[in-house]
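Worksheet: the structure to be examined is printed underneath.
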Amino acid sequence: MTEQTLIIPGDDINISEPTSHMTLGPNILHNIENNNLIPTTSGFLNVQTKKNNTIYYIESNTKRYIPNVNDFVIGTVVGTISENYRVSLNDFSTTVLLNQLAFPNATKKNRPFLKTGDLIYARVLRSDPDLEVELDCIDPTTGKEGGFGLLNGGLNFNVKLAFARYLLFNSNAEILNKLVSKCQFEIAIGVNGKIWLKTDDLKTTIACMTSIQQSQNWSKSEISNKVDAIFKSSGL
Amino acid sequence: MSSININTGILEQVDGSCIFQINSTKIISSVTGPIESSRIKNEIPTRAYLDINIIPEKGVSSTRESLLETKLNKILKPMINLNLYPRQSIQIVIQVLKSGEFRDYSITELSTIVNCVYISLLNSGISLKSSFLSSCCVILQNNEIKLNPTIDDLKSCKSNHIAVFNLKNAKTDELIYCDSLGSFSDDQFFKVLNYCATDIEHNNEFIRKSIANTIEKDYIWKFQ
Amino acid sequence: MSETTQTTKLHSIRFSPDVLAKISPELSLQRHLSIGLRSNLRKFEEFKNVSLKETGTGRYDDDNNNNSCILGSSIVKSGSTTIICSISASLIEDELKSINDYSFKLDHDIISNDLQETINEDDDNSFESVYVTVKTHSGNGSKIPTLNEQNISQQLYDTIKHSKLIPSKSLKVNLGYLSNDEPTTTSTTTTTGGKKKFKFILRGDIEVWSCVGPIFDLCYASLIKSLKCVKLPLVYINEGLNDINTTSTTTSTAKRDLLSDSKIHYDLKLNTGKIGWCVTYGIVDIDSSVVNNTSDDDAMDVDDCKKSVLLADLEGESEDSIEKRMTVVRTKDGNLSQISICTDGGFKITKEIITRGLELSKRRCSDMINKY
């Protein structure tokens, strides 16, 4: 992160070099008439310059996830419609589609069978506001499974969207590093604010969940002590 | 001088929420959305539908509340990027906790509702075109303009006014909505608009600080 | 499909103006305005003619109509729209006034030091309104008032209330006697009315036929016209019961035996300076890319590429889509009693356009106020 300033709708975004290429990320719209950038929500303005390209986006915390292509998400299967599963990414949001053949090596005869209530880890394949959003469970680079698919067992819980993004995109996030030193666990993080966690026994699972959920309200320096305290109080 | 108290994000189950208190008027509001429309009728092919519900301090909703809902709809419609969420609904629920005025008036309620919903919308992350705030005032018998009227001011006033402006770089830019009732002259009307605009800019300093606080609290895990 | 090099021609679909107005009201509006015309062939700032009449079907308008409960009514016509407004009244006990009443306090031993204040608190500062029900006949047969109807009703109530048109004392009931000897000659001294105070509550019923645009203006006009001709009945207590009242044993039965006279009446006193005329404008942005500068511009700058114009008395489907509107009620004394402005996210509402609207309302008001 190169620069961070607080911004709310109605504020001007200064374009440093108007000649170079610009990429607009979430929460910024482009006003064609006067060539201005319009922030659409309150948050931290992020400006990143890479080679010839400047990326502008506003980092903002929300609770509701709006699908974007190539996002990794955790969804719950809520039904079947002809060739597709209906998957819920958010409570009360419009459900999205997952084709029954959108699994590696799936054929008409040989395909994974999902029940209502199953959790899946998937990638957003298509998202257009005028069409239904579609997911798939294939790693686009290898064509293999790549960690996607049915999540068996474990525990699913919600965190803030911004926090989920942070955990997913920072492989050495402090809280996860700390937990690694405490116990063994499997984790899947969806940018829709859902985290799936699996450990060997229930006590550890609950201790991990509490640590992750509560660490949203801790600063980095507090993590180590507080995680220790949680594990201690659960008798681990 | 008006005393403002803001408490953001207090409700867990909705996307954005806020308690906004200014003098003796207190409002709690929640925003959920974009969500699936509950009725086919509310699915608009090109934009989101605004589902606004105002619950009064006492008793059940009446025509007064439905008029307030219509007015709020008129204010919010040009301020939200509704075209980003076709066929979806944005549900806004407002509960008046303290009205601070008689039922024959609705200015302090409406202006507090507008401010409260604005912060809830920011909290929910729904795409806004611009910031907007509202202010209200009365013209007293001695032709003095009084901002943020008390219940006694309303009783004896000649006219009551509410104005909503949008903010560009913390300066009031454009008139979004205004409603004036009573007896007043053309000049007084323009004067009132200027008074409200100044008041909004003044309140904005505090409100902006409060928004900044909320965001910093949200990102506490980023800091050492 | 054959694989030849034939080119397919896509024909543009043509819609007749009324169909286009339904499909794409904004486009239809822009097309019309760009050549300086409105779909109803009026000029931008030209108002529609309105005719106001008393219907003369009230209780005291006709000798044969003595059982009618309508105290004042009017019929308003503008273009194809017809609005009939009738006003009736009911009596209620004015509880607040009773409590503040000196004799009431004397009876209930609640006379305190602030008595002086409560008695001096005059009615001059309080004003009443009319409870209105608006019904638009649009052929859908629905019995439930639509949101729009509810809003117009509430807006009319608010506007009348805050415009201070009806002073509370105009609706106070002066109770009289009914003497058995001469049934029609009654005395109207307030002291005889006993401890209870009564007041009239006015109710307005507005029925709208074939509306073609916003109807608030016309509803307001019809309501004012009706209010101007309201004749309130003389109310008296039956003599027999009056005797019982004086013994102060059964006071609660008195309410039932209030009679309103079928002949004797008096006019409702209005604050005549506060009678107003309401105008609603649509504010439309004319896009310079569509405008060919052929319009016969009155009071518009052609140089300005982004301009807004006022459209008076909106009419028809294409103009109904305008969300940027301005409603002004100007009263006889030259003041304003209501302004509402709302925008649609288009061009900025400038001070000039508001001033223009207020100016027009002044002219329109002075033209129309005498028609009441």
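Brief remarks on what is shown
A, B and C label the chains in the order they appear, each numbered from 1.
What we mean here is this: a residue touches a chain if its C-beta (ideal position, glycine included) is under 8 Å from a C-beta of that chain, and two chains touch if they have at least 3 such contacts.
What you see is a predicted model, and the numbers here were worked out from it, not measured in a lab.
Least step count on the touch graph, subunit A to subunit C: 2.
Chain B has the Cα centre that lies closest to the mean of all protein Cα atoms in view. Centre-to-centre spacing of subunit A and subunit C amounts to 55 Å, using the average Cα coordinate of each chain. Spacing of subunit A relative to subunit B, judged by their CA centroids, is 32 angstrom. Averaged C-alpha coordinates put the centre of subunit B at 27 Å from the centre of subunit C. The residues of subunit B that reach two or more other chains are 129, 173, listed in rising order.
Of all residues in subunit C, none touches 2 or more other chains.
With touch defined as above, subunit A holds no residue shared between interfaces to two or more other chains. Per the touch definition, subunit A reaches subunit B in the complex via residues 6, 8-12, 27, 29, 38, 40-44, 59-64, 66, 92-95, 129-130, 160, 162-163, 166, 175, 215-221. On subunit B, the positions that touch subunit A within their shared complex are 14-16, 32-36, 81, 84-88, 122, 124-131, 166-170, 173, 208, 211-212, 215, 218-224.
Put simply, subunit B touches subunit C in their complex at residues 63-64, 66-67, 70, 74-75, 77-79, 104, 106, 129, 155-156, 159-160, 173-186, 189-190.
Contact residues on subunit C toward subunit B in their complex (touch as defined above): 125, 147, 150-151, 153-155, 158-159, 161-164, 274, 323, 331, 333-345, 348-349, 351, 354-355, 358.
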